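Each structure below appears as structure tokens.
Here chain A shows up in two complexes: once beside chain B, once beside chain C.
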Partner chain A sequence: MLAAGAHISKEKDLNAHIEAFVAQIKRRQIQGSYNVALATSQLLLRVVSAARWTQIDQLVTQIKVLGKRLQSAQPRELACGNIIRRVLALIREESEDTNDSESGDGAINSPLITSMFSLLSTNDECGPNRQSQSLSDGTGRSIKKDLKPYIIEGIQELIDELKSIDESIASMGVEMIHENETILTPTPNSRTVLKFLLRTAQKRKFTVLVVEVFPNDVEKTHEFALKLAEAGIETTVITDAMVYSIMGRVGKVILGTHAVLANGGLLASAGAAMICQCANVHRTPVVVCTGLYKLSPMYPFDIESLIEVGDTGKVLEFEDGSLVDKVNVVNPLYDYVPPESVDLCITNMGGYSPNFMYRLVLDHYRQEDTTL
Partner chain B sequence: MGPKKGGQAGGNKAKVGKQTAQQNAAPEETDQDERLQAIVLSDSYQTRFQPLTLETPRCLLPLCNTPLLEYTFEFLALAGVSEVIVVCCAHADQIQEYIANSRWSNPSSPFTIETVLSPESVSVGDAMRDLDAKGLITSDFLLVSGDIVCNVPFDKVLADHRQRRAKDKNAIMTMVLREASPFHRTRARAESAIFVLDEQTNQCVHYEEIKTRKHMKQISLDPEIFNKHTDLAIRNDFIDCHIDICSPDVPALFTENFDYNHIRKDFVHGILTSDLLGKTIFAHIVTDNYAARVRSLQTYDAVSKDVISRWTYPITPDSNLLADQTFQYQRGHIYKEDGIVLARSCRINSCTVVGAGTAVDDGTVITGSVIGRRCKIGKNVSIRSAYIWDDVTIEDDAIIESAIIANGAVIGASSHVAPGAIVSYNVKIDANIIVDGNKRLTKYLGEEDKKVDTDAVGEDGDGYVYEDASEAEEDDDYEEIVNSSGLVYNMASLNASDTSFSTVSADQAHRKSRRRRVSTASNNTIASEDSDEESFLREAQASVERAVAENHDLDIAALELSTLRMAKNAQFHEVRAATIAALIGRISHLINSNTLKARAAVESVLNRWGPLFRRQVFDQADQIDFLLLIQRDCTRRMQGSSILLHAINCLYDQDILEEEAILTWWYQDPQRKEDADMVKVGELVPRWLDWLTTAEEESDSE
Partner chain C sequence: MPELSAKVALAPPGTPTPKGQQQKGKDKNNAEAQEAKAQRKAEKAARRAAKVSEQGKSNKPPPEAVAPGRVQSQAKQGRTASGAGNASSGGGGGGGGGGSANSVGNVTAGNAISSLTTQGTAIHGTDILDKRVGLFKHLEITRRSGTADAAKDIHPAILALTLQFASYTVIGSSARCRATLRAFQTVIKDYRTPAGTTLSRNLTNHLSRQIDFLKTARPLSITMGNAIRWLKQEISVVSIDISDDQARESLREKIDTYIRDKIEVADRVIVQSAVKQISKGDVILTFSRSAVVEQVFLEANLRGIEFSVVVVDTRPFFEGKEMVRRLSNAGLRCEYVLISGLSYVLNDITSVFLGAHAVLSNGQLYSRVGTALVAMSAKRKNIPVIVCCESIKFSNRVQLDSVTFNELGSPDDLMNISIDSAPKPGPLKNWRDLPNLKLLNILYDLTPPDYIKKIVTEVGSLPPSSVPVIIREYNSA
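Moving on to the complex of A and B:
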């Protein structure tokens, strides 16, 4: 009796926690894809540890329902959905592994797609997969006992991965940046890019041009430039209008991004698309630094539904009453950068061509989770 | 480029250093910090939104399909408030119910929420006095009304305030002001004010309300101000949305000064012009974020537009503040919820919000409007900058411009609702009707019994034209209701009347004399601590008699009475008794000295002083009590019965007594016939009652 009461209060507690999370994400109190990803994974850790299930399907449904709720709180923040899909994939994988070892038949379950042919025939493979799962339902209880710690461990690993992502990306900097090279970066709000440059500066001497990215990131640009300058990197802040004229002298454009889509396209700070176009014209390589948690299985069918529109007051002064009344101002926070504009994506798993991103998506997410 | 960058970098360096220091110190500080309380005044103590507010409190009116109160709470959550006290006055039950069912009462809410009833308060001052009496305020608190929209990050404002408080205990208040040019759409045109600020410290040294309908050419400042402050800024470019951080001294000061009603024009002005108190008030000027208050229809329109065009980000419709909302953003500031049906040929233009379950038929054009949920909009309808709430039906070919159409209303085919009109809850407008811009239609009956106004709503329509009770208010409103017709119209009406500046100084003289009186009165109370009801009656009667004899201003007399009432903690019953005793005494004196006949005496005294009772007599029970008191008093007088008759007639004409109350008193109240004297004095009344009922019938038959 007591235990049941405790369980109910715990559930209430958890529900309150989820609601608070949703409210915070709506209020933009948790902001930036890294913070959202971290908060989401920590929330999922709590949910999974508190969850009770007899069959793995139940857990998957629970997480999916929760995922839908979290995702709809801020549909344009893709990191939240990505983490949920990662955890779902993790749960499925754990359950399949257990099934494999129990049935002793690993041959059917080879989810790795090795050729074009098997890519088309994935659905056929899913069939027996599901069957074997439902066949082993009788042993559901034992599975649950076994699985919970594994899933929790998996999420914990995910959190550790998130925390160390910048490090692993930064370690690749030396291979990317030459001595005395000029680097241009239009995304000063990216922690990843900052660490990438700072780490590389320990071994290389180079110049960084920071684009101001009016109107949303002007203050961040100045902080960013200051941090680089403090680390002894020669840093110059340039206005957005100067990008084209200076591009000829730039060795590489290094971008941070808000999200990477399945086709290799990016959602990066507004203005990034224009700068990438400039770089393309000058044949300057464009390198993107991104953690895998930003990789989304979504395709940009409707670009506008992915781009967040921000505070109008950043573009136009609100004091100016005569203008406010007469003009419509739109302040999109992100730009869609097509995959053709990008030459290389550096992730914590190594460098990939944008064309190859779909493959990483397949490796990390399950197709059945793409729509939550 | 170079030097500029260097300068900025240097500045940033200092800032960064400071930030890290703050972060390190943060955990310790939060332990010491007291919890931040917020007081939300759910009532506006105004009638600008009538007839809409007859049925719903202003803070629950929908702004972009979300109740206004949600925006306030969202702001408080952003500001990091941990305890919210909502003061309810009108429609308290609705507000309490709403809060109880909202997510703010859930355990996930970032603050605890409590509702406090203050049914008798008729101004901000009353509410503050009530709070002070209840002793709910323990620390510095945030005072807001329930109708603000704001996304200002509050930590800086609060830190500044606390810093000032730590340095000087007399810095009792910080007002948050948003810069905006003088004719900004989001500024309430009827209420603007001049702030005189110290440029360096942002201390507010003078506050002067601008009387919109009068020409103000001068304000007078205390020369002392110029000695104390070297740089003064006199500014009229603020949106003052009444977001204040107050110390617990503020409610206490309200209690000390009974005549303070309005937080700005009474309290701030009073504190700043008083030499004795030595309290200081500061302003925090916001230049970056959004802060506004929905205080009139004009600002309702402007704030709606601001929310739609994302000045208030992240508080926008697509944040889906309510759990069941599903708004999605589309290019051109169009917000659509799930489950709406749009005909192929209809056009939804920019800056529009459409709620769930709404169906829009062929050929309809909607521009810059807000459409609620489950609305049915017919063919070839044109809707332009209108606010249409839930469950509204608009039939084919109707035209709606810059109007508010409340829940459940029906607009007939080919009808035209002109800019500025308000169609309140469930009003039905027949086909081919033109609703003028200055009309407010309602179906709410209240106590009155009105018939359907077929001129306004058509043969098959339902509803009647609402007229505001007090005419002075209506004028104000009228200015505002032409909100959407734009500035030009407003300017014309602003310039219509003219007053010289002498009124201002005269006003001030009054204020000064008032304050002096207040202080003497409170001295008196201290002297006679053991006073009882008797002494109150005696003093109050004397006060009124003095006022009559010396022909004081009515306001001053009323103020004196209320001061006495507060000081002695007397009931309204006693106030009435004292006033009646004094006035009837005067009348009787006039008659006995043969100066005037009974009727003329009653009229001369009551026409001049009758309005005093307006602040003493409220509902029907009060009126009956009042009648009994007059009756009782008249038993002691010569010609008592005729005084009674004429007094009732006179007060009835002044609308202080209502017919129903008089009838109840006469026919039902047992106390009326308690003894022979009472019966005798009432002997003339039946004649008057006959007249009343026949007059009523006549007007009915007309």
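Moving on to the complex of A and C:
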């Protein structure tokens, strides 16, 4: 009796925690894909430790339900869904491993979906099929080995990976930047890019042109410039409009991103698409620094639905009532950068061409999890 | 323009002392004297700032407040002075760096100046040089803050205009050209030929000195250059047989005709021609503010064509705001977006209308910085880009990139992160303290001819490649 009571209170506690997390991402109290990814994985760690299941599918369903809830709380924060899919893939893998060792025929769920034919197929066609297959498989077997510690260990590793991502990306800086180069960065609110540049500055001397990305996050941009300058890097702040005039003198464009889609396209801060296009016109290489947690299995079929629109008061002050009344003001927060505009994606797993991103998606996520 | 000269007559501190004048003539290259002069200038500025603040305190509008150029210039003075203060005191009163136009800002600025010696001024001088961006070091920074050092023969109308240019009160190449010609009319009206020379020989020199002074505010615009070249030509052919009065009158009339033909009528012709490019249901994108493009939209609206306009704007001037205000007041459907959101709005656009500062002989469009990005994005989406431009903006010059020739604005404009007229210094307010940090504020960029579908001028619509043809015909005519 006592144990059951403790269990109920524990569950309540967890529910309250999930509730709080949902509220936080709804209110944008957790901002930035890194913070969301970290918080999501920590939440999943708690959920998995508290969860009770007899069959692995119960856990999978439980996490899928949670994932759906988190994703609908902030549909444009793709990192949250990515982490959930990563954990789901992890759970499936662990269960297959044990099944493997038991029966030796657990290769059902291993990525057969590497052919180009199934690439374009949606989940509805192949997903439920597979799921029912795996479900029927699962019901037949009882899990003899307790998977929990393995899954927790896996999530723990994921958290460690998240924490060390910037470090591993930054270490590639010396391969990207040569002495005396001029770098332009149109997404100065990215901590990955900041660390990348700071780390590279220890070995190389270069100049950074910081594009303001007005009006969103302009304070962060300016602080970014201050941090670079304090670290001894030659830093010049320019407005968004000046990019074309100076692009001819730029060696590389280094971009941070909000999310990477399966086709290699990016969701980056507003203005990035225009600046990447400008770099393409000038044949300047565009390099994207991103952690794998930003890689989403989604394809950009409807670009406009992916782009979030922000506070118009940052574009036109509301005090100017006579004008605000008559004029339609838009303030997009993100831009979709097509994969053709990007030359290289540097991830914590190394550098890849954006065309290769779909392969990394297959490596890290299960296709049956694409829609949560 | 009697109005202009009256404004300046109200501003006695601007007129130089004869002593200073003498000094200037005597030993121009003597560094010591220059330092002394700078000190005197600083003291004078401090006195003036203190005076203004006193007047502000007693709640009486100062007489100078009549002339907007003057007041702005003092605010500007405050800005540069507090910038110098930062450099010497290691970021002391950085808060005043916003160039606030209120009297409190002026008091602190005034104090800063009076506590500074010539050494402070010198530091400020080198400070500006060190803070220039490497690529653009060849461009000179013109930052006029007052008229204290003006020579005696600079006409008050020119002094006023210089300050209006420096404070960007008069902005846009057509407007600047017109204002300059009007000011020249006043100069010519008040001009008396000295004994022993003729008007056709001496007036040109006199005007050149006025022009040199105008250049201390901002470099001449292409339109101004063209107009000045024309005016000098006209002066040189004034017959020595007619009286000075007659000559002055004929020049005044010629300037009137020039303004009418080259700007006003030209604009009307362009509007009539460009308005045909607008049809029902169009969504037209424009960048920043161009007077002639604005007239095209207003005319199309008057003709009852249903269309909407997307105005793309940029920091630091936000000129598009004025554009969108005028268009929406006329009842046009408008959308306003900053240039970072360009690709978001571009999907529905049917055509792009752009204004010009100048069109160069190799077909490159020299216009407000950001124009090239807009034209490039439009071209990539196969949206036609139409440039409305008077032929007075055509220049013989050729240029291939925006770096070799450009105009630098004040870098402090980038530090201010506000979107309205009230300055709001952001995290970079002490940027001058960091040796590695620079702010770049160029005013123009160059749009390659392949992004431009056609240029609408008063002599017809033409592709960018035909610009040299027009220049040739125009010069030979």
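The definition used in the following text is that the second predicted complex is superposed on the first by the 330 of 372 C-alpha atoms of A that agree within 3 Å, B and C clash if a C-alpha of one lies under 4 Å from a C-alpha of the other, contacts with A are read in each partner's own complex, and residues count from 1 in each chain.
Here, contacts are C-beta pairs under 8 Å (C-beta built on N, C-alpha and C of every residue); 3 or more make two chains touch, one makes a residue touch a chain.
Small disclaimer: the values here were computed from a predicted structure and weren't measured.
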### Message
With both complexes superposed on chain A, which partner does A:A20 reach: first (chain B), second (chain C), both or neither?
### Response
first
### Task
Identify the partner contact of A:V281: answer first if only chain B is touched, second if only chain C is, both if each is, neither if none is.
second
### Query
Now for A:D311: first (chain B), second (chain C), both, or neither, which partner does it touch?
first
### Query
Counting only touches as set out at the top, which of chain B and chain C does A:V213 meet: first, second, both, neither?
second
### Query
Which holds for A:E319: it touches chain B only (first), chain C only (second), both, or neither?
both
### Task
Check whether A:V237 is in contact with chain B, with chain C, with both or with neither, and answer first, second, both or neither.
both
### Query
If you count the residues of chain A that each partner touches, which comes out higher, chain B or chain C?
C
### Task
Classify the contacts of A:A229 with the two partner chains as first (chain B alone), second (chain C alone), both, or neither.
both
### Task
Based on the superposed arrangement, let me know which partner A:N331 touches: chain B (first), chain C (second), both, or neither?
both
### Message
By the touch definition above, which chain A residues appear in both interfaces, chain B in one complex and chain C in the other?
### Response
222-223, 225-226, 229, 236-237, 319-320, 328-331
### Task
State the interface residues of chain A toward chain C in the complex, per the touch definition above.
207, 209, 212-216, 218-219, 222-223, 225-226, 228-230, 232-246, 248-249, 269-271, 273-274, 277-278, 281, 307, 314-317, 319-320, 323, 326-332, 335-336
## Note on the structure
The residues of chain B that touch chain A in their complex are 5, 8-9, 12-13, 16, 74, 77-78, 103, 106-108, 110, 178-187, 237, 287-290, 306, 309-311, 313-314, 319-321, 326, 328-333, 350-351
#### Entry: Complex contact set, residues of chain C against chain A
133-135, 314-316, 321, 324-325, 328-329, 333-345, 368-370, 372-373, 376-377, 380, 401-403, 406, 414, 417, 419-420, 426-428, 431, 434, 436-442, 444-446
#### Entry: Touch list for chain A against partner chain B, complex
12-13, 15-20, 23, 26-29, 72-73, 75, 222-223, 225-226, 229, 236-237, 304-305, 309-313, 318-322, 324-325, 328-331
